[in-house]
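What follows is subunit A paired twice: with subunit B in the first complex and subunit C in the second.
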Partner chain A sequence: MKKAVKKFDARPKLNGSWKFLDDYSYENMIFGQLFYSTCHHGIIKNIIFPKNFDLNEFTIISAKNILGKNIVPEPVCDQPFMAEKEVMHFGQIILGIAHSDKKTLRDFVENIKVKYEKLSAIIDPKECLDNERNHFGKEILINHSNNEKNTGNYHKNIYYTQHQEQAYLEPQGAIAIYDETKKTMFVRVTAQCPFFVKSGVETIMGNAINEAIIETSEGIGGAFGGKEDFPNLLAGITSLLAYKSGKPVKIVLTRNDDIQITTKRHPSRIEIETWTNPLTQKIEKCNIDYRLDAGAFQTLSPVVMARGVLHVGGSYAIPNIKIRGRLFKSNTPSNGAFRGFGVPQALAAMEAHIDQIAIDLKIDPYLFRKVNLFKIGDEFPTTQKITENNLIDCLERVIKNSNYLSKKKEFAEWNKDNSNKKGIGISVGFHGGGFTGNGEKVLKSELKIIIEKNANVKIFVANTDMGQGAHTTLSQMFYETINHPKEKCRVQLPNTSKTPNSGPTVASRTIYIIGNLLQKLAREIQKKLNFENLESYVATHQNEFPREFRKVYIPDKSIVFDENNYVGMAYKDYSWAACVNEIYFHADTYKLEIIKSWNVFDIGKVVNQKIAEGQAEGGILQALAYANSEFFYKKKFGRVRNFTDYTLPTTLDVPEIDVEFIHTDNKIAKGLGEIPMDFPAPAVRNAFLNATGIFVDEYPLTPENIFNIIRSKNEN
Partner chain B sequence: MKIKFILNKNEVEIDANPMTRLIDVLREHFQLLGTKEGCGEGECGACTILLNDKPVASCIANLIHAENGVILTAEGIAKTKIGTLLIDCFDETNAVQCGFCFPGFLVSSYHYLKTDGEPNLEKIKIALSGNICRCTGYQKIFDSVLMACEKLDLS
Partner chain C sequence: MIFYRPNNLKNLFELLENSNATNYFLAGGTDINLQTKNIPKNVNIFYISHLNVLRNITEINGHISIGSTATFSDILHSDYLAKHLPFFQNSLKFFASPIIQNLATIGGNIVNGSPTNDVSPLLLILDAKLELISKNNSRIIPFNSFYRGYKEFDLQKNELVKAILIPKNAENNLETFYQKVGARNSLTISKITVAGLKFIENNRIKKIKIAVGSVNEYPRRLVNLENYLITKRINEIKKDELTKIIAVEITPISDFRSDQNYRFVVCLNLIEKFLGINF
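Our next item is the complex of A and B:
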C-alpha cells in the first residue's frame, strides 16, 4: 500500500503557529460587538444606553447607517442585516458597536436596555410545524405516480427532528479594514464561501466602496455549513463599523452569542404514508409531506428544502410516489446550512419508517431493504435512472462487518432475562454530489494555476479548507496526475481579488467538482506542453514561465433537470452508504448508549484514505449525537445558551466507529463531505426499537424524551 | 500588581490586574496564540495549558493563580521530546482536521504521557475527556495517543 499523504498544515496547527481569525491583529485595530434582540417578536419602542459611559468613545451603527441595502443577499432576500422597527426573533441584530477596549465594550453592551412592545411568537418547532397556517407560501411537488388507487397494507407515521448546532470549535469572526484612498474594504473572515461574503459586504456598503476584497484566515476552525451564510451578515456589519470609525475593526463572537444568533439545522416534520404488497413485500405507493421550520426568514431554506425532497424518498424503488415540500415560519433565527442540508431530516424519517413497515410485515428490516432497494434500471422520484448497484454492496458489507444476523438472535435471547436491553439497527442513505440540477451550470466555476520559474505550482480556488483537508487533497489530485513533487504544489489562501470564483465550499462539491476539474486541467497542461516531467520542462523552457492556466467547469450535457416539475437528472453522481449501530439501553437511567457503529460507503475513487476516514468518522459522530443527545430547544427560553447546555459528544461518549470504503471501478472521486451526517442517526433509533419494541417518532432519543415516551405509553 | 511565573521555561513578570483571565494574559500579553478560546466557560478544552503540571482551562483561571507557578503552553510542549513525539503521531495518522482543538489535545495528551503513558484506550479517553473536538470523531486522536504511548515505551 502506498504511504498516506499527510496534511501540509497539521504540524503548524499542533504547535499553535497556524493563524485562526482571532490570531490576527492590525495597527490601531478596535473591537466590535453585536447587540441583538432578546425579544422573540416585538416592536422596538426605545433603546436606552447605560449612563457613566462617554458615548463619543463608541462607534455605534444601526439599520439607519446602512449605506447600501439592508438586505442580506441570499437565495431569498428577506433578511435584514439589522432590525429596523420590528424584531422577528431572539438574536436579531439591532446595533453594531465598537470601542478600543474589549472590557469597556462588553460592559457597555451588556447594559443597553431596549423597551419592546411584545407580539405573539412561535418558538417551539413542533408548534410551528404542526400548524398549516405557518406555511411560508411556496411549495415543491414531485409527482411520479400513475396509480391513484390505494391497495395493499397501509403504514403511516409522522416524524419530528429538532434543531442541531454546528458547534464549529472556532466561533464566527471578521476583521474589516477600510482603505480610504482606494475606496476598498478588506475583510478577513472565517468563512466557507469568500465570494458570498464579498456580495454581503458590497450590499451593505453600496456605493461607498468600489470593491470588497475578502480573504479567509489561514485556519478556519470548523464550519459544517454554519459558516456558509452568517459570515456575510457579520462581515457586512463589521465593515460598516470600520467605515464609520475609520479604524480596523475585529468582531469575534463569544460562544454564547454565537450559539444564540447564528443559523442551525432546520427542525422538521415529515409525514409518510405507504402502501405495500403483502405477497411481494414491495412498496407500491408512497406519499410524503416534508416540512421544515425555516425560522423567521427564508434566506437559503428553499435550497435546503429542494435537497430534502430529492432525498426523502430514500433509496427505494417506489413505482408511485408523491412528495410535497414546504417551509414554515417561526420566531427563531433563520435556520441555515448544516452538513447534510435537509437530508439528515429526510432519512431520519424515511429510514425509521422503513423499519416500521418491516415490523408491520413481520420481516427483518435488512431483508425488507434488500427487496426494495434501488437496483440498476430503477428510477428516482424524478425519473432519473439508477445506473449502479453499489448501495446493495454497501449494505451486504455492513451486515457482514457487524455480524448483524447473529447479533440480532443473540440480543433477543439476552433481552428476555434482562431489564436493560441490547439492540441493533440498520439505515442506508445516499447523497447527490454538487449543486442540485442546473446549479453547476449557472455557476460556471473557474480555477487557475500558476507555474513559476522554479516549477512551483500555485493553485487558486475559492474553496476553503475548514478542516476537511480539501487543500491537501486538491493539491494531491494535481501533483499525482502529472507526477510532480508534492512540496512543489500548494493551494493558495482564498482571496477574492486573486482567486477566480470556483464556487462556494458547500454541497460536497470541492473534491467532486473542483478536484476533478483540477485533474483535467493537469492532464491538459501535460498534453499541451508535451512533457514527461514538469520540472525538467520548466528548467529547459525558462522564458515561458511564470505561466498561468485557467479552466472553467462545464457540466455534462446529459444533465437536464426541469426545475419547475422536478423531473430529470437532479445530480449526476450519487454517493451511497449503509450503517449498522449497536446500542445498550439502561432501563434505570433511560440512557441510550451507542456501543459501536459500522459504516460502509461508496464514494467512488478514494483519493486519500486517512483523510477520507477522518471526514467520515467526524460526520458519523455528529449524526450519532443528532440521534441521541444534541437537543436545542428549551421550553421557556427557546434556545440553549452555551456549551454547558448543549451536550456535544466527548471522548467518553464516542463509540467505536468502523469505516470502510468499497472498491468500485469508478475513476471519479464522488462527494464525501455530507453523507456521513446523513444516514447513521436512524440506525440508532431503529436499534432502540429492536432493543425495546418502543416506537419513537421524535429525535433525539435523549433520556428525557425516552422517559416521556415510555410514560405516555404506560398511561395509554 | 506585579506577578512572576515561569512560562515555557522562561522566567517572566507581568504587571496587570490579578483577575485578568490567564488566556488573555497568554494571548494578548505574551502573544502565545496557540492557546485558543472555543467557549470561554471551561467546557471545550481548546484553551488547556499546564499550570504547575496540571491541565487547566485557562479561560476560567486568573493571572493570580499563576503567581510563582509554572506554565507550559502548546508552544512550549511542542519543543519538548514528548511533545515532538506526539506531534509526529498526530501527523502520522492524519488526525488533525480544522486544528482549533489540537493545541489543547496536545497539552492533555502530553500530560497523560508524562503522568501515566500506558497504552490503554479507556485511560486515554478519561485523560482527554475535557477536550472537545467537533471535526474528527476522536478515533484518529485515540490512535495517535496510543501510538505515542507505545513509542514512548520502546524508547
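Our next item is the complex of A and C:
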C-alpha cells in the first residue's frame, strides 16, 4: 500500500476556515426564499399575501417574470422553473421572494396563503407503480432472446424499493449577482455540475444577459447526486431575483425545505420472471419489467432508467433475456440523481431474485451464483462481450474473507435452539464507468492546465470536489505521473468562464474519465518538452512559461452503442464487487442488526487508498441503511419532513465494514463513486432470508415492516 | 417575547412576579428549536440552565438529589450515581448524542413532558420524588403523580422543579431492566421504553415495578400489572392474562415512527423478557 496522501482541504475543514455557500457574503446582499405548493395537485385560484407587511420592501417573482423560457433544461424539458396555473406536486415552486431581513422574509413567506382547486393526486409510490395508466409513454426494450419457449422451473416475483434521501450535510444554496454593465449573471452555488447550472441560468434569463458565470463555493458539503440538477432550478430563480432587485441575492434552503422539495432516489417496482434448468442449475430465460416512479416530471429520469435497465439483468449469463424499462408519473417532486443512478433498485430486485431461485432449486446461493455468473466470452443483454473474470474473483475472495461456508453451517445449528436468529447473505454487482452509451462521445470533455513560471501547475476541470476528495486525487494523478512536488499542483475552483467543460461530476466518471485523461496529458507534456524534472525544466526555460495545455477526451473507437435498440457497448469499463453481510435478528423487537459487512471490489488501479476506502465505506453504509432503516414515505402518514424521522444511521449503528480491493495492478483507475451504494443492500435481505426463511420483497427491513410480514404470514 | 437570564433564584422569582405573560423556564433547550413554531407570541422565557444552585448532584437524607438543570453529562459523570444508582446512570448512556448530553437537562426532559422521554420510566420505578419551589413555598411530591395528562403537570403558576430525589437504596438487591426501542441505537425518539425492577425469592415475585414510555399520553407505572404479578410464582403467570392486563394499561398509537400493533406486541415481549418468562 502506498503512503496515504491527505486531502488538501482536510485541515481547513476541521478548523472551520473552508468556506461553504452560506459563509459567503456580498455588499448589499439580500436574502431569498422559495414559496412552494402545499397542494399535491391543483389549480392556483388565488394568492393572498399577508397584511402588515409593506409589499414594496419585497422582490417577488413568479412564472410571469421569467425573461427566457420557463423550462428547466434537462434530458427531458418538461419541468417549469415556477408553476404557472397548475401545480403538479407538493413542493413545486410558485414564487421567489427576496428581502433584506431574513426573519421578516420568513414571517412573510410563512403567511402567504394560496387557494387551490384540488385535483386528484397520486403520492403513494406503490399506487403509482402498480397502475400501468401512470406510465409516461416512452419505454426502453432490450431483447437478447432467440428462444420464445418457456421451459424448466419457473420463478417469479415483484420487488419494490422506496425513495432515498441524499442527506448531504450542506443544504442547497445559491448566490446570484447581476452585473448591469457587462450584462452578466455571476452565480456562486453548491453544485456538482457548474455547466448545467450555467445552462439553467441562461435559460431563465434569456436575452437579458450575455452570459452566466458559475463558480462553486470553496467547499461543497456533500451531494450524492442531489446537487446534479436541482441547483439549476435554484440558481435560475435566485438569478431572476437578483436581476429584479438589482442586488446580490442569496438563497439557502432550510433543512426542512430541502428534504421536502428536492430530488430523491426513484422508488421502483421490478417484476422478474425466470426459467431455470434444474439439472444444470443455469438460468435459461428471464423477463424483467423495470419501473421507476419519476415524480411529476421526467427531467433526467430517462437517463436513470437507461442505466437501470442496463444493470438489472445482474451479473449473470442469461442466454435469453428481455428487459422493459418505463417511467411512471406521480404527484411528488421529480426524483433525480442519487449515487447508483437506477442500479441500487435493479440489484435490489435481481440479487433478491437470485436467492429466491437458489432456495427454489435447493442450492446454496453462493454455488448458484458461481454457476451463473459472467465469465469471459459471455454477453451482457446488450450483446457486449465479457472480457474478464474479475467478478468471480471478487465473489470467491469475499466468501473466503467472511468464512461464509462455515458460518452458514454454524448459524443453521445455532438457529435451531434460539428464537433470535443469525444469518448470512451474499450479493454481487457491477457498475459501468462514465456516461452511458455514446454519452462521453457527445460530451467531448476538455480540461486545461497552466504551468507557471515557478513551476506551479494549475489544473482546470469543471468537476467539483464535494467532499469525495476528487481534487486531491486528480492532482495526485497528475503530479505522481511526472514526479512533481505535491504542493506545486492544485486543482482550481471550478468557474465556467475559466474552466473548460470537462463535463458533470456524475456517473463515477471523475477519476475514470477526467483523472485518466489528466494522466495522459501529463505524459504527453513530459514527452513533448522532454524533461525528467519539470521544476528544473521550467527554471531553465523561463521564457516558455506560463504555458497552457489542453486535452479533449476522445472515447475508444471500439465503443459503439445503438441507442435505439440498446445493442452494443454500453460502457467500456466495468467495476465489479461482491458482498457478504452477517446479521442478527432480535425476535423480541423484530430488529435486524447488521453485524458485519465484507466487501471486495475490482475498481482497477487504486489511486489514493485512504480516499478509496472512505468512498467504499461511506457508500456501503448508505446501502445498508437503504435496506435496513431509511424510509421516506409511509402510507397514511405521508412523506418525511425533517431529519428527526429520517433514520440515517449514527456511529453506533455502523457495523464493522471490511473492504478489500483486488486486481489493483490494472493501469486504469475505474469508477468507484457509485458501486459501493449498488450492491451491499440485497445481502442484508438475503441474510435475513437465511436467518429466518422469510422472503422480503421490499426495502427497508424496518422492525415494523418485518413485524407486519411475519404477522400476515401467521394469519395466512 | 422577552428572554430573561436571572442572576439567581431570588432574582428569578422577582422577575416572574413582574411578568404578565405566560412564563416558560428554559433549561438546556435542545428540544426548543423544534418547538419555536408552536410557541405562542405572548410568552416570556426564563433561562435557568446557568443557575448552579439548581445543578448539583448531592446526597440528602438518604436520597440522591439531582438538580433539575443537571445535564445528562453531569449525570453520566457523577460519582454519587455511579456508587448508588449505577443502573439509573448506565441506562442513560446512549441518551440522545454526546452533544445533546452536554446541554440537555434532566429537569427539561421531565417538564418538556414528551410521552416518549427517556428518563421518566426510570424515575417511576425508582420511586423518585420531585422537589418543587416557588417564591414562598417548597413541596415534595412523588414523581408518580407529576404527570396528569399529555403535557399536563402538577405544577402551580411560577413553580419550578428544583431537584429530583431518588432513594439511595432504590436499586439495592433488585434485578433491573431498561430497554428503549428506537429507530436506531442513539439520537432517536423512543418507540417503546420499558423499565422494571424486581425481587424474586424462591421463584416467587416479592417486589415488582414496571413503567413504560411512548405507549400512553405520558410515561406511567403499570399498576394493575404489578398487582397481578406480585406474590405470583413465575410459572403461574398466564400469557392470556398478562396480555389482557397490558391491553388495558397501554394505549399505543400508529404514527410515522411506528405502528400500534408493533408497539403493543414489542411492549409485551419486553415485559416478558424482563420477567424472564418464555411462553
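Annotations for the structure displayed:
To be clear about the criterion, the second predicted complex is superposed on the first by the 710 of 716 C-alpha atoms of A that agree within 3 Å, B and C clash if a C-alpha of one lies under 4 Å from a C-alpha of the other, contacts with A are read in each partner's own complex, and residues count from 1 in each chain.
The rule we apply is simple: a residue touches a chain if its C-beta (ideal position, glycine included) is under 8 Å from a C-beta of that chain, and two chains touch if they have at least 3 such contacts.
These numbers come from a predicted model, not from an experiment.
Of the two partner chains placed by the overlay, subunit B and subunit C both lie in contact with A:652.
Once chain A of one complex is fitted onto chain A of the other, the partner contacts of A:279 are absent, as it touches neither subunit B nor subunit C. Touch criterion not met for A:55: it reaches neither subunit B nor subunit C.
By the touch criterion defined above, A:644 reaches both subunit B and subunit C.
Subunit A is touched at more residues by one of its partners, and among subunit B and subunit C that partner is B.
Using the contact criterion defined above for the overlaid structures, shared-chain residue A:590 touches subunit C, although it does not reach subunit B.
In the superposed pair of complexes, A:629 makes contact with subunit C only, with no contact to subunit B. Shared contact residues on subunit A (touching subunit B in one structure, subunit C in the other): 644, 648, 650, 652.
On the subunit A side of its complex with subunit B, the touching residues are 4, 6-7, 9-11, 13-20, 22-23, 166-171, 219-224, 254-256, 466-469, 608, 610-611, 613-622, 642-644, 648, 650-652, 654, 656-657.
Subunit A contributes residues 419, 587-591, 629, 634, 636-638, 640, 644-645, 647-650, 652-653, 702-704, 707-708, 711 to its touches with subunit C in the complex.
Residue ranges on subunit C touching subunit A, taken from their complex, read 34, 94, 97, 181, 183-189, 254-259, 261-262, 265-266, 269-270, 272-273, 278.
On the side of subunit B, the complex with subunit A involves touching residues 32-41, 43-44, 46, 73-75, 78, 86-87, 90-103, 106, 124-126, 128-142.
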